[in-house]
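In what follows, a structure is listed as structure tokens, so that the remarks can point back to it.
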Amino acid sequence: MIEVLIFATLNGLVTGLLLFMLASGLTLIFSMMGVLNFAHASFYMLGAYFAYSISLYLGFWPALIVAPVLVGLLGALIERYGLRRVHKSGHVAELIFTFGLAFLIEEAVQFFWGRATKDYRSPDLLDFPLFTLFGQNFPAYKAFMIFISIAIFIGLYFVLTRTRIGIIIQAAITHPHTVANLGHNVPLIFMAVFGVGTGLAGLAGVIAGPVLTTFPGMAMVLGSIVFVIVVIGGLGSLAGALVASLLIGLLQSYAIASDVGMPDLLAWLGISFERDHPLNDIWRLTLPQVAPILPYLLLVLVLIFRPSGLFGKRES
Amino acid sequence: MSILQLQGLHKQFGNTPIIRDVSLKIAAGEKHAIIGPNGAGKSTLFHLITGRHTVSSGSILFKGQPIHNRPPYEIARLGLARSFQVTNIFPLLSVFENIRCALLWSQGYKYSFWHLLGKAKALNTRTEELLVEIGLQERRNLPAGELAYAEQRALELGIAIASGAEMILLDEPVAGMSHSEAKNAVELINRVTAGKTLVMVEHDMNIVFDMADKITVLVYGEIIASDVPSKIRGNAKVQEAYLGEVVEEHSHA
Amino acid sequence: MLKYVSWALFAVALIVLPQIFTSILSVSILNQMCIAIVFALSYNMLLGQGGMLSFGHAVYFGLGGFMAVHALLAIENEQMMFSVTLIPLVGGLFGLCAALFIGSFSTHKAGTVFAMISLGVGELIAASSLILVSFFGGEAGVSGDRTYGPPFLGFDFAQNIEVYYLAAAWLFLATVCMYLFTQTPAGRMANAVRDNPERAEFIGYSARRVRFISFIFSGFFAGIAGGLFALNYEILTEQNLNAVTSGNVLLMAYIGGLGFFIGPIVGAIVLTLINSVLSNYTDLWLLYLGLMFVLTVMFLPRGLTGFLMMHRTPWHLGKLHLLAKPYAVTAVPGSIFVFSMVCIVEMSHSNEPTFNVFGFALDPSSFLSWGALIIIACLAFIALRRTLPSLRDAWDTANAIDTKPGVRP
């Protein structure tokens, strides 16, 4: 029991932190530009694929640096030549644009790399169990993921609170319209924020690719969950995104690791149903089965009862 | 009988009080002007009355009914219409549709999906009449967002008066208009609000003293005077707090 | 008058089309079109007319479709007895019920919040459909048979062409109803709320209620489309209510043009054709589709219909002919550019030793063919850019109103 709990917590932490790496970029972009970037997870996928290709020639470590930079540059270019054009047509048009972008990137990935899963592996250097608990291994690579994620947050926190650009960005988050009046080059800041945000997503892809497998559907799998997170956390709130990421990561991890379900609940309540009861499917549900839908359930509940999200101030 | 009654109204945004203990009675049929320096809280007062903002404390009675903290659409249905200081129209709809929409509820169509607008004779004639009245019949098929500024202001006014509400609140209806445009607008306002209650925020003192039966002066969220124009003109407090300054500004301009 | 003529033309087209395109394939494409048009129109009730961006519209389509298949099964098992011509109505009513429930909490706001709720609900239902096997049939889906019901005017709907005429009848009916809805107070207020929800509240309308009404009608018509799908394919799977289907209908409506009633019709027709024709020629068609969509959002925000409608002013001014030559001049390098780019893309993707274009055999392994294509593409692109300024000038001239008395400047 206890070992299940420990491993579920560790795995949940890994997922949660990974999700936050995506969610933080998404939040940053949203706070600055008001754009909910539907294609955010596609940049994450690009990160994994770029890193895969680079690692074939240069190995994992250079890829860890180069791939996110490339993704960020691509993101900045897309902001400059695509999004900015659409900006004048309003937020709905921007959302539709990024939706189309997600579609296009998925197809482009299939074009360049094919449909099959890529054999993108974690580096040999980290290919050993960090520790063994109750006969179960905890891979060093996962610890590395945790380490990278935390390092990124500390870096992000430092940049946002201690540097000039960070202070401008913060000002833009709370007073989106006033920053331009202060004479800062807002388009350039937008481009940079979009580049950094997508670069962060790319980095998440680089480190997640070996664990969550690198295949053309990987953006879809994570994309809507990341959306769920930023909405649950409250659009534009970094703290909310962190809490929601960990919440979802842990929730899913626990749900998958658990082996309880409706049958146990019914038995505990002393209720029983015939096998051919019309709602039989529901009476036989188990928690691991419903794990994939939990985030969406949570999203709908949050949006109904607290439309601005857990930490949201702005209702947009 | 007063048609609108504000009692001990307070409003604060965060910790900043914007409206402080405002009490006011407006009689049915009165033409009432609210004046005050920029940022005094005039628009906020309108927002409170029409349900755009909730009140922090105090009450608002319209025809004896409490209306504070009720949603705008319920207040509008009671017969209280308003215009906005910042033009607030339906930009993609044609000018004609803008006016027609403003008429729909008062003509009893509610949320109907079983009436065809094209077949609604009375509704369409009334819309045409209003278009003529606000002088936009030439522009009837143009999307409202493409109108010139003064035309948008006229439309803004048209939407407010369309429903024929008993009480109309106009927030700086002639701001930004040229002299002749403003004159036309004032005539229009006089015409369509005949027999109705009008509350108007306006910075142009000539118009205010011309039109108003009563003037309320709001400064820093407080009413410092509320009286007939002749008394307001002589009121020392008003002179000091407000009028002197404005008269000076006008003479410079 | 013009209105009645267009409706009559629409009806005639629906009747005549399968007589012109008689092959089995074309009838099946026509069936798809009927379904897609109803679905896209119902989507536009939300996005184009009501300003609600939905990422989960397939929910109502799929739920309606599943219910319709269950109705077919009930007829087959003789638990119920009614003509299968009414199956789309079953789908519609179920779509409406689902929309009643979901709309009760999701129409509170438009914009991003609405989009997110629709996404969440969509994912939730798509994922649940794999769990609730007795209604959704799991991965395999649920299938029925449309031929068991009592014959309708002697037809038992065993053949696709019979289904086509049934679908066309429903399409016509649904289109008329959706058009009429745009002409009602509720429909017009939906536009007003889309434009400015706040002001709508000050003229007596609850923005939420207005959205809700559009929302349930939209669910109803999406359900009808789902019912038509059930009749045509006799099977529904999880794919019919997942995000891909939802995305597809967004594409159709947007590419067609959101601001016009016929926009989604155009979009549905174009996309169905692309879907069925292009996919025969290349397995990269989704890539082209994605590119086309992104370019549409960037350059034609009002869609294909909007592009056509842009020409109304020159038409009224009698200056349309001024555009013919500049268009032709731009089209030549434009099509060469697109064509050579497509060749490059296809060639890099092909595994064949030779790649045939217009009788030329290109060798994907030789630098020569690559070089030639790339040079052609670059030249065409440069030429294309050269032609743009004169096209723009011609456009301005064609739209300029000559100052005549009585015409507003």
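A, B and C are the chain letters, set down in written order, and residue numbers restart from 1 in every chain.
Rule of thumb we're sticking to: contacts are C-beta pairs under 8 Å (C-beta built on N, C-alpha and C of every residue); 3 or more make two chains touch, one makes a residue touch a chain.
All of these numbers come straight from a predicted model, not from anything done at the bench.
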Practice item. Between the chains shown, work out who touches whom and classify the graph as line, ring, star, complete or other. Key: line
Revision key, fill the gap. Comparing each chain's Cα average against the average over all protein Cα atoms, the nearest is chain C
Point to revise | Intercentroid distance (Cα basis), chain C paired with chain A, Å | key: 31
Review point. How many angstrom between the C-alpha centroids of chain B and chain A?
Key: 48
Revision key, fill the gap. CA centroids of chain B and chain C: separation to the nearest Å works out as 44
Practice item. Quick one: which bits of chain A touch chain C in the complex? Just the residue numbers, please. Key: 36, 82, 85-86, 89, 91-93, 95-97, 99-101, 103-104, 106-108, 110-111, 220, 224, 227-228, 231, 235, 278, 280-282, 285, 289-290, 292-293, 296-297, 299-300, 303-304, 307, 315-316
**Study point:** chain C - residues contacting chain B, complex
**Key:** 180-181, 183-189, 191-192, 194-196, 198-206, 209-210, 213, 217, 259, 408
Check your understanding: If you look only at chain C, which of its residues touch chain A in the complex?
Key -> 47, 51, 53, 55, 105-106, 108-109, 111-113, 115-117, 119-121, 123-124, 127-128, 131-135, 243, 247, 250-251, 254, 284, 286-287, 289-291, 293-294, 297-298, 301, 345, 349
Practice item. Can you check the complex and tell me which residues of chain B touch chain C? Key: 50-52, 71-73, 76-77, 81-82, 84, 88-93, 97, 100-102, 104-106, 109-118, 138, 159, 162-163
